[in-house]
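Chain lettering (A, B, C, D, E, F, G and H) follows the sequence in which the chains are written, and residue indices restart at 1 in each chain.
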Amino acid sequence: MIELVQDIVSGTLLLAGAAFVLIGTLGLLRLPDFYARLHGAGITDTLGAELMLIGMMVQAGFSLVTVKLLLISLFVFFTSPTATHALANAARVTGLRPALVPEDDIETMRTRDD
Amino acid sequence: MPEAITEHYNYWLVIFLLMAGLFVTITSGNLVKKIVGLNVFQTAVFLFYISLAKLEGGTAPILTGEPERFSNPLPHVLILTAIVVGVATTALGLALVVRIRETYGSIEEAGLQEADRQDELRAAAEQGR
Amino acid sequence: MKHIVGLGVSLLAFWLVMSGIYTGLIISLGVLSVLLVLYIAHRMDIHDHETFPIHLTRGIFGYWRWLAREVFKANIDVARIVLSRRMRLSPRIVRVRSSQHTDLGHVILANSITLTPGTVSVEIEGDEIIVHALTEELAEGVLNGEMDRRVLAIEAS
Amino acid sequence: MRHHLVLRVVSKLLIPFMLLFALYVQFHGDFGPGGGFQAGVIFAAAFILYALVFGIDHAREVLPEHVLRYLVPAGLALYTLTGFAGIALGGKYLDYDVLGSTPTAGQHLGILLVEFGVGVTVSAVMVSVFFTFAGRTRDVDEEDW
Amino acid sequence: MAPDMVTVIDLVLLALLCAAAVALILVRQLFAVAILAGAFSMLSAGLLVTLDAVDVAFTEAAVGAGVSTVLLLGTLALTQRRSEESRRRGTGPALLAVVLTGGALVYATTDMPGFGDPEAPGFRHVVPEYIVGSETDIGVPNIVTSVLASYRGYDTLGEVAVIFTAGIGVLLLLGRRREDEIQDEARRSGSGDEG
Amino acid sequence: MSLLGHPLLLILAIPLAGGVLVACTGRWPNLREAVTLVASVLLFLVAYRLMEEIGSGGRPGLVLIEVLPGLPIALEGEPLGALFGCIASGLWIVNSLYSIGYMRGNNEHKQTRFYICFTIAIASAMGIAFAGNMFTLFLFYEMLSLSTYPLVAHKENEEAKIGARVYIGLLLGTSIGFQLVAIIWTWVAAGTLDFEPGGILRDAVPPAILPILLALYMFGIGKAALMPFHRWLPSAMVAPTPVSALLHAVAVVKAGVFTVLKVVIYIFGIDLLAETGASNWLVWVASFTLVTASLVAMTKDNLKARLAYSTVSQLAYIVLAAALASGLGVLGGALHIASHAVGKITLFMCAGAIYVATHKTEISDMKGLGRAMPFTFGAFCIGSLSIIGLPPLAGGLSKWYLSLAAAESGLVIAVLVYMASALLNVAYLMPVVVLGFFGRPDGAPADWQHEPVRLPWLCVLPPCITAVLCLYLFVDGDSVIALLLPLME
Amino acid sequence: MAFLDHVAILQVAVPLLAAPLCVMLPGRHLPWALTLAVSWFTLVCSIVLLAEVSAGGSIAYHLGNWPPPIGIEYRVDAINALVLLVVSGISAVALPYARRSVEHEIEPDRHGLFYTAYLLCLTGLLGVTITGDAFNIFVFLEISSLSTYVLVAAGARLDRRALSAAYTYLVLGTVGATFFVLGVGLLYMVTGTLNIADLAERLPPLAESRVVQAAFAFVVAGMGLKLAMFPLHTWLPNAYAYAPSLVTVFLAATATKVSVYVLLRFVYTVFGHEFAFIEPVLAWLVLPLAVIAMLAGSVVAIHQDNLKRMFAWSSIAQIGYMMLGLALASASGLTATVLHLFNHALMKGALFMALGGVMLRIGAVSLASVRGLASEMPWTFAALVIGGLSLIGVPGTVGFVSKWYLILAAIEKGWWLLALLIVAASLLAVIYVWKLVEAAYLQPAPQDRERVRDMPPDMLIPLWVLALANIWFGIDAGLTTSVAGTVVNAFLGGGS
Amino acid sequence: MWTAAAIALLVAMVMALTRAFLGPSLFDRVLAINSFGTKILLLIGVLGFLTERPEFMDIALLYALVNFIGTIAVLKFFRYRNLGLSSPAAARPENRK
């Protein structure tokens, strides 16, 4: 009985996570410019990954694997926004312009004293 | 799928990989790319070894206390060693590329050959006097 | 000192939960390893409050709960945009005030912004965070200052 | 200017765990995947991260070059000496059986020692390779960019 | 059911690897080459996991994610970003060599034990002794470790020597600062040599 | 007899030790040349004693070291070798004397190197003379080529360089290219390389193959200067005259024809050749060389060049004799080695003396010179007559036996060639003598017409000695023939 | 006695231990002294080993005390004892020579690293030679190769082309090693073992297997790259020409020899010459390539101006000789190969040592720059001439002995043309050696060159040791031929 | 369920790799690869469950820890054109000791 619940819960989480991963990657593929794609990738990294990891944790029950999964999710939680930020920052420093941003915003970017 | 394919598809893809890596290594005119090609080539060979270690229905060769069918651990060991060798080669190759760039000002094979030729001519001219 | 002990304890815990093998040898090796890492951390000079924000533990879980909800909502929004046939984007760059007093606070805010899909912090400039947002609504979500307040709150605790 | 605030903070948080994870991998090679080489690489990766974020000069202060100079050969020497220990104790080269009271204990000790040797050399080499690459400044030609 | 899925994953990863390899042939930008190399490493790590080679996968992951990309970028930082190759030289002979290599291997595959075939000699000879011995002789659950460090510990010693060599080599090649080198150069050409 | 005192060892050791001593005493020219002379005299004494021992039927042998399994460096005395050794060592004394005069008279550079190489060359010649098997012979043969290279290139100018290049190229080329192959073939076929009376190839090689093998040997022995591999001889004329004497008379070409005879007698066996007719083709080649070289010699105005072609022609005499594959032929060939040696060395030393005195090389410039240098031209005359084959000079004896052999073989061509060549000899040698004594110098009068010719006595004496030797060899011909008789069996 | 029990492993383990110690040593002289001591120690080991196995037996040493197919085994028989002797002997002779040469050519603060790399190279070569395990060969091959790349690149201080040469060598060498690994993998696939003796036992029933055939192809191709078999030789000339003198001496004398040894080992021990498919490969592929190498290498050598390059090309030709003997697959042919392995090391060692001395004195080694130098450096050039004569194959030198057997092998088979081609190749050698001789002895010295002294005695003595060895083993070839005979018996006599 | 997750991940990987190939900017590639790494991590986790081997988690953990080093190197690469020189942190006076 418990196993069944475990299966259902973990399955749901897993599939939901997988769906978000897919959507996020679709965004990565579809969105028009680099800055926009960052957001798409963000979906994968956050909700998709975390949900899947939680799903796995549920499946694993109380064990060493769960602990490791928990650690993984923690680290992903810390590193993925950092990486995204670093990348965005690098792009900005190099002067990559975001598309579809109103002029004045671009000006904001330009006036940086780099 | 016919048996011949199911039994060997893995090898064939690995072989394709190997050929691609070798191709890049030989034809690329850029020294860095050559090294990367070499890496791909080596990786393909590693995968080849690991493929031949795979056992149908087997599992990672770590004893768990239950009787199990394990994939062959020996190629894994060999490839561990080979990967290390590969990394070492890559590091050394890249270091060489850096030095080449510093002394020649180019990391293109064509540029290098041209420079070497110039060296030769200069040496000949110096000694000719 | 407080920080280094805190770091040590958490490292030891990390080892113990990871290890799963509790023989004398392994545990003693673990202790040695933790000591080594602490020594290196000491040399690296990274065992200040930023390394192991032990002082934040009280408020952080509450914040995470809130953040998780925000992240979830934003995710749905962005997912909808991605899935829509014509992606209606109005990307923009906005400057978000970041009223935190510490670097750590700024970082928590910036990372939280990045974590919520639809907004990515591009740069921290003084007391402002430059954010790229996918749509106007999403930009509003960070501009309203709610996140800033909450981060301030845990920072203060 | 406070670029990379984020990086700095997150790295500070992560690096100790990476280091410890490396050591975990080092000492749990008997039970799961991993061993000296992998541990060495991860250990080095942590250092590389530190050097990337805090600068190579800081990293050199943490791990001075003269220390590195001895760490690089130390691991290999440890490994080789373990081999010679086998001979000294009446066995063959790299014979671990004679190292301990029982063959199994000897094997354990031997494996521990050699894996540690691997780890030390690998991490030291990786770090020093990175240091040499990153520490080599070059006048940037604008045309290259 | 489960093994089938593993097979599918295996196949897809391999196909992606091949795609990455082809892309590598086509790309000119060195930075993209570096990035592709990273992808390549990740894919092969994944593939190695599906092939049960966890230790190898672990190594590949550590190396690929931690060191090689950084090294490649470091090299690019010290050299240049764009590959200037305008034409490929000697594609004909190269293709011949490549095709010969591939042909020889494909020729060999027609006679090989099948993929995963438990009757392959590799599973019959020597290895059973490792599997038994790892527990009885050595007492280490990870057979790879016991083979690596004990049965074939000497190979591993060689491996450490190789990595040591690389370290020494890089130090010998790049260990001096550029300024020292330029000074050395000037000194040599200035004073000349005496015996 | 202790090994160290073994005459066969001494025969190698004396010149080599002489070489070392020369190297050590290079700074004091007088001492250096004294060493050379002492060594040459000692060597001749040993060689003479050996000849006596062999003449009385002794066959001393000595195995030095086994290089490869079954292939030792072995020395062995036999009549032909004893004769050659004796001639070479004897002429070395004369040539040393002459060298001293020539080198000093000409103020040549790097004299020490010259003397060292000279001693090594003599040692090699001795090694060839007393080689116990084909392998040892080959070893010393190559040593001879190499040690004479610096001598040929002695002048170190462009001309010398090119000449020496041709010299070493042809000698090494033919010896490695043909001779070595032939030797190895022999080894494969016969399983031995020892010199054995009657040959070692009987039943070892199918008769059809014998001519090919013989050709490999004959062309491989480049020192015998069989056409078309004769070019090195004229090229080597750039060398100082003592060297030319060494090449033409003492060591090199003699080593060549000596090897030819050795191969024919001890490897193939006269009988085998006679039975199979494997050497018939050689008759033609040798005859062609003989006649052609003589004709070419006539066209040369340079005295040394003319003498060089004369040598090519005279060598062909001996090869032709060997090709006749008869006991008489062999005897004649052996005799001709000796007679040509003394004759030719006389001629060369005379040519050298002329050069030292007047720096003249062209025959047309020597008109009337004989009157200024009567001794030199007198010796030249005797030498020429000996070469031509007039009794009572050495050449008369050898040519007599050669003609006999040709007649005995029934090969008309051989007879014709010998006869024709005697005439040709006259035609290219006598004009020198005639012009020298009776010619009237044309053009501007040369120095030697006004003041007496200054010549070191060491340049005059040696040709006179050898001229006398020409006579002596004829007179004492019987003892030489007695020595050689065992060859005819 | 413990030393005798463990001599096989000490041979490799001692230099391997010395390498990390060497890098810790300060200064310039200590690393050199350590390297010297280790080299001499390995020489002693290899002499002991050779003495023990020369009766035809073999020594086995089980590393880690695991019995062979399970663990790695060291197995010494006549052939690898001989190669060990070559490697350690050349190293032992070269090191006294090295001190000044390295001081001249390597930056003063890099000597520790340089000698460490050298020790690793030595270790690698010895390890490849002595091991009885196919994969272990690869590992030690890579130790030696990686250190070789570094050592070659160390020549960049004098000529930057050393860098590009090292790079080319690295790429091709790695491809070669990877091919070799692939071959070994295929063999493992069908036999389940990596031990060479075990492989030899398990392969014969698989003679028809295509996997084995492919494995053979890969091993040959891989080793062909490593040993610079024509047309896979492209890395060699520049690598030898621009490497530091010591490195050229050591590599030219040993590195390719070790690869030839590995190839011999695989063709004759692992596969066994009775394998049906090997004969045609040898006869129709290796043999023609060897002949082309012999001729083409010499022809190219004739046209070189840089003397190190000239002799590097000559090495390619000489490798052709070795491959030819191997491909002839007869007793004499193999004898020739084994002898030439040894002999060529002596010649090239002496030649490159002499050139190193020239480099030391006048800083260049082109034909133009050595004009008239013989009178200033008489001893050096005398040794150079001896080496050159040996290269030509003049009797009384080692070159003659190997050429003798090679021609013998060709004639035994009745292949006249081949015998003539071999001879023709030696004649080509006459040409390039003579170019050098003429330049050094017969040309006037250039005006702008200052007069120089001959090499210092600590460099001359090693050089002359090798030069005299060239003559000694050419006159008394008993030792080498008896070892070669043992080897050939083991390879051809009654299967494996 | 695991199968579905695995397939979804594979599809996502294909798409991410496509983005990496397409570019157009370098940052797009890096982003794609970074995201690709996350997927590999997840895939390895899923594989661990598929084959019931918990050891795989260590690999996933490794990726979680080190995957972003590459991205940071890219950042440094673009920002400072050098991996070692003048780090941002070192540039801060207060951080210098």
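Operating definition for what follows: a contact is a pair of C-beta atoms (placed from the backbone, for glycine too) under 8 Å apart; a residue touches a chain by one contact, two chains touch by 3 or more.
Keep in mind that what you see is a predicted model, and the values were worked out from it rather than measured.
**Student:** Any chance you could name the chains that touch chain A and chain H both?
**Tutor:** Correct list: D.
**Student:** Which interface, named by its two chains, has the most contact pairs?
**Tutor:** Top of the contact-pair ranking: B-E.
**Student:** Starting from the mean Cα coordinates of chain D and chain H, work out the distance between those two points in Å.
**Tutor:** Each chain reduced to its C-alpha mean, chain D and chain H end up 22 Å apart.
**Student:** Give, as an integer number of Å, the spacing between the C-alpha centres of chain G and chain C.
**Tutor:** Computed from C-alpha means, the inter-chain centre distance equals 61 Å.
**Student:** With centres defined as the mean C-alpha position, give me the chain E-chain F separation in Å.
**Tutor:** Taking the mean C-alpha position of each chain, the two centres sit 70 Å apart.
**Student:** Touching two or more other chains, which residues of chain A qualify?
**Tutor:** Answer for chain A, listing residues that touch two or more other chains: 24, 26, 38, 64, 68, 71, 75, 78-82, 84-86, 89.
**Student:** For chain G, what residues touch not just one other chain but two or more?
**Tutor:** Correct list: 16, 19-20, 23, 63-64, 135, 139, 142, 146, 149-150, 153, 182, 188-189.
**Student:** Using the touch rule from the top of the page, what residues of chain E touch 2 or more other chains?
**Tutor:** Touching at least two other chains: 36, 52, 54-55, 57-59, 62-63, 65-67, 70-71, 74-78, 80, 101, 105, 110, 112-113, 120, 122-123, 126-127, 130, 141-142, 144, 148, 150, 152-159, 161-166, 168-171, 173-175, 178.
**Student:** Contact residues on chain B for chain G in the complex?
**Tutor:** 22, 25, 31, 34-35, 38, 41-42, 45, 48-49, 52, 74-75, 78, 81-82, 85, 88-89, 92-93, 96-97, 99-100, 103-104, 112, 116, 119, 123-124, 127-128
**Student:** Considering only the defined contacts, which chain B positions touch chain D in the complex?
**Tutor:** Listed in rising order, the residues are 60, 62, 80, 84, 91, 94-95, 98, 102.
**Student:** Quick check: in the complex, which residue numbers of chain E touch chain B?
**Tutor:** These residues of chain E touch chain B: 3, 10-11, 14-15, 17-18, 21-22, 24-25, 30, 33-34, 36-37, 40-41, 44, 47-48, 51-56, 59-60, 63, 67-68, 71-72, 74-76, 78-80, 83-85, 87-91, 94-95, 97-99, 101-102, 105-106, 109-110, 112-118, 120, 122-123, 126-127, 130-131, 134-135, 141-144, 147-148, 152, 155-156, 158-159, 162-163, 165-166, 169-170, 173-174, 178.
**Student:** Quick check on the complex: what are the chain E residues that touch chain D?
**Tutor:** Checking each residue of chain E against chain D gives 54-55, 57-59, 62-63, 65-67, 70-71, 74-75, 77-78, 80-81, 137-142, 144-146, 148-150, 153-154, 156-157, 159-161, 163-164, 166-168, 170-171, 174-175, 177-178.
**Student:** Okay, in this complex, where on chain A does chain D touch?
**Tutor:** So the residues of chain A in touch with chain D come to 75, 78-79, 81-82, 85-86, 89.
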